[in-house]
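Here chain A shows up in two complexes: once beside chain B, once beside chain C.
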Partner chain A sequence: MTKIVVLAKLVPDLVEELEIAPDGKALDMMWLRLLINEFDNHAIEQAVLLKEAVGGEVTIISPDAEGVDDMLFTTAAKGADKLIKLVGDFEDMPNNHALASAFAKVAKEEQPDLILTGVQANNDLDGAIGPLVAKELDMPYVGYISGVTLEEGGVIARKEYPGGLIGEMEVKLPAVLGIQASEEPPRYVAISKVRQMMKSAAIDEHDVPELADTGGLPVNRMYLPEAAERAEMIEGDEDEIAAKLVELFQEIGVM
Partner chain B sequence: MTKDIYVLIEHVQGKVADISYIMLAAARELAEGTGGEVVGILLGHEAQGLAETLAADKVLYGDHPALAEFTPDAYQKVLEKLIPEKEPRAVLFGSTTIGADVVGTLSSQLDIPLVDSCVSVSADSNVISQICGGKIMVESALEGTTSFIAMIPGHYKVESGQSDAGPEVTPIELPALDDLRVTLRQYIEPEIGDVDITQEDVLIGVGRGIQTEDNIEWIEELADLLGAEICASRPIVDQGWLPTSRMVGKSGQSVKPKLYLSLGISGAPEHVEGMAGSEMVIAVNMDPDAPIFDVAKYGVEFDLFDLIDPLMDKIEETS
Partner chain C sequence: MAMPSATQSPLFTKEFYTSLFENIDGENIKTCLQCATCSGVCPFGHVMDFPPGRMIAWMRAGILEEMLESDSVWMCVSCYACTEVCPKEIPVTPSLMTRAKEEVLLAGNVPTELQSALEFSQRYGNPLGESSRKRAAWIEDLDFEVPTARKVRRPVDVLWFVGDYASYHPRVKEVTKAFAKLLKALEIDYIILGGAENSDGDSQRLAGEKGLFEVLAEKNAKAFSRCEFGEIITTDPHAYNALKNEYPQLGIEYPVKHYAEFLVERLEEIKPLLKDNGKVRVTYHDPCYLGRVNDIYDEPRTLLEAIPGLELVEMPHNKTTSLCCGGGGGGMWLDGFRWEKAEARLSEWRMREAASTAVDVLALACPYEPPRFEDAAKAIKGAEDIVVKDIIELLVEVMEE
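The block that comes next holds the complex of A and B.
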């Protein structure tokens, strides 16, 4: 039976306004809304697709965060078999080196054939999770994957290059793959099905004792992009804006 | 530790990737501060000629059949030996399908700190990177040890990292490259789409903000009026609403139209990478903080669904 582990984390929702913490060196987590890293969502979908194709067991591992239980139950509704929550000092969002070593310890216990995770996340300041976990577990890593086929002893992973080129990589198992996109868009599950899972599925909690804050460079400051670099904004109602846009189109000779 | 700045040169199918030149330009700026040299690391097979255009002081060249095209395992084996031997001040990798496959692993293995999504560096060893899709900038400082910097395009020009001078090329000794866990079976060339968006003068780029597949038809009407073609950011293609041949960005096409009208695209770095070369970008987005407004010459903070019809009317009226 193929054992697939997916590492998924919640990240800042970029639709919300982001603020810098008072010390000027971190995101202000106070009002931050979190949602699943979209690439992790694709990794979950890819894992469920593989399970549907060849059988197997899918385990999702996530660090604790506001809303993570709902996220985990949603993955169960999609087809995940085991849900694991890392419990510890995750409030300030540890760096990925620390998170990766926590992920690796728990993932190892599952003895996975294949570990999938999003190729990147919007808060990866010290690199993506996948390669860091791969090193901890001495597994090979390949990222930017948008298709996975299981074969005897390995997988064929389709790796994306610029311009639409694909590299078919033969990867020996066990391995870690960084998923760019699942073969099908991540499925939608009805809230009623998620609620059902809240009653029937269980979340295993694993304590993570300590998170070292090394692996990145020391941050001097965080700041919002400077306004000087911004576009000249066109103001007005829809007709005024339309008129100005047409003027611009004519100016540059495309109309 | 030396004062030299190293750059992992990326190449695919016999062509040096633009990010390599961008990194060389950044490395030059750092090296001016440290007083060291800019050194390219070129791994390939019968690929020494690729060094010719690199604006590096010297190039360390590793030749082996297993290095003919990039695979993470083989690159990692070479670099985990080379980097501790040479002790550079910093090593620049692309935050790309090549660099990102090895930089994290090497950081963890060699215990070298890593900063990702770096846009620019400065001679005083400060490193500016982005997180949150470009909505937050981060300034970090190089530490007293070797550091890894994973770069994204946006600040440096490709030409700044190119040179006709031809750097001195020195072969390096390679570790055994057998027992590789990852090998390249073959490349699959992209399907030719119905249009080649890299050749179009006017492009309308659509993103998540268009909300539904049906709305693409609506935007197509606008495109017809403008003589434009439609292209898209990644989420639209992942949803299957437009074919891959229309995707602009890191894994898609790089476009340079006269006009890029961006509708409902937030402007994540992966997308911007493919369209920053446009002569003029006009962006419509509801979110005043959308990073696309950093790339656009003109911006419209407006509900695009209220704007399309009046815009089409105005175009018809005028032409």
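The block that comes next holds the complex of A and C.
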């Protein structure tokens, strides 16, 4: 039986206005509303589609956050078999290196054949989750996937390239795939079904006693876009423009 | 850990047919004459694989699965035209069509457009996907204060349930602001709920999402219970219908009036405020949920006739035969889907009638309508110059200098 693990996280909801924390280096969590990362939602749909096509078991792993239980129960109503919540110091939204390390440890216990996750998220400051998890588990990774077919010992993954090209590639399992889009749009489940799951399904809590302190980027300043002065257009032929650019780069100290 | 598997196939079984008997007057379905009046009067009956009459025939014959292959139910605008004309008084809209949508939705067969509106309603408390914190942002455009429940901490006469489109839609907000002016002019002691208000949920219910309707109703009930007021008023016939007929079934009972009823009660106070701005020829479009569903036909007309110089004329379809604007039963969120199926817009059909009636103004009383009919006016020859306005706007216009 194919074991599929989906790594999903909640991210800031951009419908709500974002506030900067008093230290000026992060979003103010107090005013933040969270929702499932759209790409992770596609990864969940892809996992359920695979299960419906060839059978298998789908496990969803997500770090603790406000609203995560509802999100997990919704995935159960869609067809997920097992729900795991990572419990620990997740209040301030850890960086992706720390989160990937926590994901990898718990995912490994599940002995998955295939790990799916969203290819990106709106709060990825230090790289996407997929490749980081793949490195931790020493598995191959392919991102920007918009279609997956399970075969004996592997999958055929369809990857989008610029210019409207699609590549099909064989990937040996176990592997991690970064999902750009599921083959069908994520399905709707009636609220009554989600409520039913709240009564009948269970969420396994996995303690994450300590978050890895490697990786991550020190944020110096986080701010809303500011109206700036108009761009300076450099005039002249190619050589003159290049010379002026070099001069400017030296001036601001990046060259 | 074992989990129950989610049902994937809809339940159009014998049990579905017999479950219809449980609705109010549901047993009348047994007496269906197969006269097909329902299918004939249905504005989208001609494009449905299974218009109501045929659905009943096939269910009686025990052939249920074929109905599932079809997405006809999503063409139903819940306009009650079928229910109005049925000689055997079968509750076609509230029972058969709504229950059929529920089953199809439970099976996960939901058009994508509709899906977003339902997800937004669940998450933000409105189908437009706007922040719930900005629900009362329209009051900032006014140069007087609109009292919110948070600020006014005392019993009031009236709670104004503003509603989704009235709160967020740029065109409909103009009507909302006009209504605030009218309440101020009449010195009504009222509050609005602001961010604590949620969608009334009626159109979501009629689009088959009963569970969502109940969640939204519970949230509104909680907000109502924190305030003290004499009655609820609303400009939205859908909210009116929910509060009047559906919420009581959930134990949420408050006296409620549509603004037309509320204002007619104050007609003698309103009349002296209205100036004569010259002759104008006006027709009135009966919203489904004010007219056919709740039998309110006279009050909106009484308000219009109070306007000096206004000549009220009727379109060929009026009162019980009024045409649907296309927004009901989830129609606000199925425009693309329905255009693909029918290549017709109900609002344009209505606008053709308004043009043939040679009016200056099409008067409305529902927040779904101004944007739908304004768009239709642009598309219909002869309707380009017809002004589309809510009755509230027409009243406030003749009150101002």
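The rule is simple: the second predicted complex is superposed on the first by the 226 of 255 C-alpha atoms of A that agree within 3 Å, B and C clash if a C-alpha of one lies under 4 Å from a C-alpha of the other, contacts with A are read in each partner's own complex, and residues count from 1 in each chain.
Here is the rule we use: a contact is a pair of C-beta atoms (placed from the backbone, for glycine too) under 8 Å apart; a residue touches a chain by one contact, two chains touch by 3 or more.
Just so it is clear, the model here is predicted, and its values are computed rather than measured.
K.L.:
Who does A:Asp204 touch here: chain B (first), chain C (second), both, or neither?
P.N.:
Only chain C; A:Asp204 stays clear of chain B.
K.L.:
Thinking of the overlay built on chain A, is A:Lys82 touched by chain B (first), by chain C (second), by both, or by neither?
P.N.:
The second partner, chain C, only.
K.L.:
If we overlay the two complexes on their shared chain A, which of chain B and chain C does A:Ile166 touch? Say first, second, both or neither.
P.N.:
In the superposition, A:Ile166 touches chain B alone.
K.L.:
Please determine whether it is chain B or chain C that touches the greater number of chain A residues.
P.N.:
Touching more residues of chain A than the other partner does is B.
K.L.:
Is A:Leu35 in contact with chain B, with chain C, with both, or with neither (first, second, both, neither)?
P.N.:
second
K.L.:
Quick one: is A:Leu132 in contact with chain B, with chain C, with both, or with neither? Answer first, second, both or neither.
P.N.:
It touches chain B, and chain C stays clear.
K.L.:
Now for A:Val15: first (chain B), second (chain C), both, or neither, which partner does it touch?
P.N.:
Both partners, chain B and chain C.
K.L.:
Regarding the shared-chain residue A:Pro185, is it in contact with chain B (first), chain C (second), both, or neither?
P.N.:
It touches chain B and chain C both.
K.L.:
Please write out, lowest number first, the residues of chain A touched by both chain B and chain C across the two complexes.
P.N.:
After superposing on chain A, chain A residues 15, 17, 185 contact both chain B and chain C.
K.L.:
Please name which positions on chain A make contact with chain B in the complex.
P.N.:
Where chain A meets chain B, its residues are 12, 14-15, 17-18, 20, 27, 38, 42, 96-97, 100, 119-120, 122-128, 130-132, 134-136, 139-144, 146, 156, 158-172, 175, 178, 180-181, 185, 214-225, 229-234, 238-239, 241-243, 245-246, 248-250, 252-255.
K.L.:
Inside the complex, what are the residues of chain B that reach chain A?
P.N.:
Contact set of chain B toward chain A: 12-13, 17, 69-73, 96-97, 100-105, 107-109, 113-117, 126-127, 129, 131-143, 147, 150, 181-191, 201-202, 226-228, 234-235, 238-240, 244-245, 247, 250-254, 258-259, 266, 268, 279-283, 287, 289, 291, 293-302, 306-307, 310-311, 313-315, 318-319.
K.L.:
Taking the touch rule as given, give the residues of chain A at its contact with chain C in the complex, in rising order.
P.N.:
13, 15-17, 35, 76-79, 81-82, 185, 187-197, 200-202, 204
K.L.:
Could you pull out which chain C residues touch chain A in their complex?
P.N.:
1, 3-6, 105-106, 108, 110, 112, 115, 118-119, 122-124, 129-131, 133, 209-212, 214-215
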